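Below are two complexes that have chain A in common, paired first with chain B and then with chain C.
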Partner chain A sequence: MLRKLTPYLFVLPLLGFMAVFTYYPILQSVNLSFREWDFMSPTKPWVGLDNYRLLLTTRDFWNSLKVTAVFALISVPLRLALALAVASFLIRETAVSRISRGAIFLPAVTSTVSIAVVFSWVFSTDYGAINGFIALLGFDKVPWMQDPQLALYVIIFVNTWKQLGYDVIIYTAGLQAISMEYYDAAAVDGGRRFHVFRRVTFPLVMPTTYFLLVISVIDAFQVFTIVDVMTRGGPAGATDMIVNMLYRVGFTLFDIGTGSALAVLLFILLIALALVKARVIGRRVHYDS
Partner chain B sequence: MTRETSAHALWLINGLTLLAAVIFLSPVLYSIWMSFQTSDAYYSGGIDFTLRNYDVAVGQYNFARYLLNSVIVSGIVTLLGISFATMAAFAFARFEFRGGNLMFGAVVATLMIPSHITLIPNYLTLARAGMLDSYAGLILPAISSGFAAFFLRQYIRGIPRALDEAAYMDGATPLKVLWRVIVPISKPAIFSMALQLFIAEWNNYIWPLVAISESDLFTLQIGLARLYRVNPGEDVIDWPLVMAASTITILPVLLGFVLVERHLVRGITMGAVK
Partner chain C sequence: MDRKLTRVAGMGLAALLGSTSLAAAEVTVEFWHSFGGSSGDALAEIIANFEEANPGITIEAEHVGNYNDIVARLQAAIPAGRGPDAVIMEVTRYGLFADRGVLMDLTDYLEADPLKDELFDFAREVGVYEGKNYIVPFNSSTPVTYVNKNIFERAGLPENTPLTTYDEILAAAQKIQGALGDEGIYGIAAPGQFARWGLIMDNDSDLIDSVSGEVLIDAPNTVEAYEWMASLVHEHGVASADNVTDEKTGREAFFAGKVGIMLNSTGDYRQSQASLGDDLIVRPLPCNKVCAAPIGGAGIGILSTADAEVQDAAYEFISFAASAESNAIWFAGTGYMPINRNTADQPLAAETLENEPGIRVSIEQLDVARGRPRPPVVTWMRATEYDMWQAMALGQRDVEDTLADFAKRTRVEAGRVGQ
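So, the complex of A and B:
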């Protein structure tokens, strides 16, 4: 009898916490997204789809969707292209390669808040490193984080700098898994370096590219910390990502209904992306076996 | 090309590569340097070493307390998280039980669930339980890791069952088999997962931001963001002081990184490229 209960006891702590802090909140978010509430009042009246309707008619929502999409469209290809180039360059297992990969990987495990603070200094208008350099060359200082045209690119730069190492590590593993025979065959054919890369390396490393593509798109739609520390979504909403809006609506405006509706929309979007990822990975496993 | 010049070229390429790596990290390296400079020296462009910034960060701004909070919260989250994940992974890998597949599916499904949908409801749950502004409030929502459970289950399935059988023959209980047979063999995988849990929790920002308003319970991330944001975007910030706080926030992971980078990289690539 006890023997039968054993596996249940082993999974109970994990599943118990998941039920309370992961699965119940999903149902609760859906429920709250149909209600109007401000954390305080004793009742939570049912308002049907009003929160969604309201959300879809506000400029803030479309703005943050646009900002997040632009962020993803620029930063994802940038990350992948840079990472593939760096990983290809550092592919051999020499000491220099390993040290360099380690250096590039370091930001990926470093505190995002610290990185955002450090780069706030780098890009700060009056005392920052970049403007110091620009002034040295005799040009005018650039208000990097105060200019709505520029602020998003600063965020993209910092995010790329932080995440690049992760992509490089994954690409390195992907590239090293490609059998040397392919390169040898290409070399026998007299392939030039770029030609070999385009015709041999790039197609063979495609599964890794797919994987990183989906991971980095999902990441892009969940960016919060860098923006919260560096610009708080400003100037004039120019860097207002979806999660930053979610935080503002839920925890500074205390509009629980609208915040939950936004969370549910983000959830649906990311589940759709995750399903694409599951299909991609499923195909790869299939391909391997 | 003669052998000699190609050796020279290699030296040059290696040198440039390392230089590029240093330039890549220069913002962080310089922030550490700056944290040991006096404000006067920094703003006038001179060099003047001091420990005063650390003194102020710890004495006036409570960063020793934030460091302690981060260590306690990340430590407990890692310990409980890896224990629960290992236990569940063992059950999923070794036992046939009714509902087992469904439960495993539920665990794997959490890998796809974006954490932000849990933000508002978890805030409400913990408010109702009176656990906002407490260590428990920081820890409890963070300890179930679907990824660690999934990853360890795959790993344990690769361990020959004969080892379990032998231990059962000797009269061991399942708990003993887990502790004496499975855990010792799975140590590298468990260690990699524990590292990832610890780093993720150490760097966690949005949940402590939501759950904590009592400054004695701030983690380093919240303390640093607050210190910097006294006047966000304006240049009346005491940059050397902020960089001292930032260095305190980075340093534990930085030092650990040097020691365990290989485990970390292996864990991440094992999870991604199988």
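So, the complex of A and C:
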């Protein structure tokens, strides 16, 4: 009996930890999403679906959903394509490759707040380094953070710069796991470089791509710090991502119920996206090369 | 032997009781505040003086961040029952906390305190919500007009150039921009939210009526004020768009000698003076239609959840911090306005007033200064105003339409959170 129980006893502490710090807060969030609460009132009256109704009829919610979707649609493919290209370029184990991979990885372990503050200066319209350079070339200043279109691209650029190193390292590991026999066989068949990449490398690195896709989509829907530091969702809502709105509603406007409803909607959206990805792409991923 | 034992036991008991009563007299007040740098130093001096004068009370002060950070941390701390005993709260945003019973009513404390008669009327008023006192002001300020004399001279503007009306300010900013724009110098810093509120009041309006609670965001004079402020950025180009998306950049540019005029809090006086030295001139806020200035800053409140003896100790500290002696230290060290009528009689404050004419401006402006409304909806309104301002100042939305929409949403929100 004890032997049967032993494995469960080993995982019990971890399960307990997760129950207290992960599952209970999730359940509590769901509960709060049906209530009205400003974190100060002693009572939390039940309001049913009112918070969800309020959200779904608010312009801000649809705007933040649109902004987040655009962000994800641009930043995820960009991250993956750039990372695969860089990893393929740095795949050889030379000193230069190793140093370059380390350098590219550095932003991933640097404080996001610091990165966002530095890029705020870099992209400042009047005093920023980029516009300083542009002015030297005789062109007009570009309102990077004031133009609603450009501000979102700036956020995408900074986020990509920050995350690229992590993606490159994962891709490098994936590429290095591909047996050289496939490349030798392709070379014997006279395959050209692009075709070898398309027919050998890309399919065999698919498990890594799938993993990074799942991670980067979740990242994209949860991006917050860069936005909060650089634009606070502005100008005029142009970079107001879902989590930014969640923070504003819950922690600036004291509407915990609506903030929780937004968190629940985000959770459902991410689950739905994960299922779609599993159905559309997951089936094409082959783990046994 | 027995007598000896009894004596020793008696001495032990006495020592035990003594230590117990001593321990009982020791009270620690956890105090969250928002002051770093020179302001933090001035506060530390006041706390040290208080602890010296009150050996039984320890003030455990913690610099939590800015006003927003304090509110965010309170949100987590209050439901968890881990809030502080006393806390600094911004003067327009404590209403919600008073309304929900988080802050205790200090009326009885203040009524019994001679401090009540020492406080300036404005200082008394900003702590009152729904007829009761919930905070005692600590750092009070109004916006003033800061001028860089060197930039004025280089632009060919005399030091006493009139800056009373919107037109006069715009004319001066345009002259600076025309003369020094190529050097990356701007005429004026785009006004931050505190200054925007002041400029609206100077145009004989407000965002919310202080007395009736009526939303005035779409009132004609408010619209006119916003149209002028927005035009500084997107129409006349005399203020940097950077200041709109990141308000602190306007202040930083002024400190760096890159802006001719800045409307900002008296709390920025020390930093302005340190940055510009003799080139700093301080003038009152403009009086476009009327002369008026909003009272800003914060006061100290006590949480209702604190133990009774801690609440008493916390009030002792609040009263001490607002005394003339402490207020003189604060005023001289930071540039925030005196809140106590007797502060000016203190040698330190008198010396500061004598040697620094710039600091007198805010005091002279007190005649037209008034507290701002503080119903619960103000928190929502202030948070939302930033987005509205950005849209207007960057020329992305029409001012009148934006304010009509903003006013409508504010009225709905006011109904929701309860006026």
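The rule is short, and it goes like this: the second predicted complex is superposed on the first by the 252 of 289 C-alpha atoms of A that agree within 3 Å, B and C clash if a C-alpha of one lies under 4 Å from a C-alpha of the other, contacts with A are read in each partner's own complex, and residues count from 1 in each chain.
By definition in this document, a contact is a pair of C-beta atoms (placed from the backbone, for glycine too) under 8 Å apart; a residue touches a chain by one contact, two chains touch by 3 or more.
None of the values given here were measured: they were computed from a predicted structure.
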Applying the document's definition of touch, where does A:120 land relative to chain B and chain C: first, second, both, or neither? both
Just checking: does A:57 make contact with chain B only, chain C only, both, or neither of them? Give me first, second, both or neither. neither
After superposition on the shared chain, which partner residues are touched by A:148: those of chain B (first), chain C (second), both, or neither? second
Of the partners chain B and chain C, which touch A:129 in the superposed model: first, second, both, neither? first
For A:43, is the partner it touches chain B (first), chain C (second), both, or none of the two (neither)? neither
Which partner, once the models are overlaid, touches more of chain A's residues, chain C or chain B? B
Using the superposition on chain A described above, determine whether A:179 touches chain B (first), chain C (second), both, or neither. neither
Quick check on the superposed pair: does A:232 touch chain B, chain C, both, or neither? Answer first, second, both or neither. both
Return first, second, both or neither, reflecting whether A:252 touches chain B, chain C, both chains, or no partner chain. second
Interface residues of chain A shared by chain B and chain C, listed 120, 124-127, 145-146, 231-232, 251
Seen from chain A, its contact residues with chain B in the complex are 4, 6-8, 10-11, 13-15, 17-18, 20-26, 28-29, 32, 89-90, 94, 96-97, 99-100, 102-107, 109-115, 117-122, 124-127, 129, 145-146, 161, 166, 169-170, 172-174, 177, 208, 211, 215, 218, 221-222, 224-225, 228-229, 231-232, 243, 246-247, 250-251, 256, 259-260, 263-264, 266-267, 270-271, 274-275, 277-278, 285, 288
Residues of chain A that touch chain C when the two form their complex: 38-42, 120, 124-127, 143, 145-146, 148, 231-237, 248, 251-254
Within their complex, state which residues of chain B touch chain A. 14, 17-18, 20-22, 24-25, 27-28, 30-31, 43, 83-85, 87-88, 90-92, 95, 97, 100, 103, 106-107, 110-125, 140-141, 143-144, 146, 149, 174, 178, 199, 202-203, 205-206, 209-210, 220-221, 224-225, 228-229, 232-233, 235, 237, 239, 242-243, 246, 249-250, 253-254, 257, 261, 264-265, 268-269, 272-274
Chain C residues within the chain A interface of the complex: 68, 72, 75, 78-79, 96-97, 100-102, 184, 186, 240-242, 244-246, 249, 253, 258, 379-380, 383, 386-387, 390-391, 394, 396-397, 417
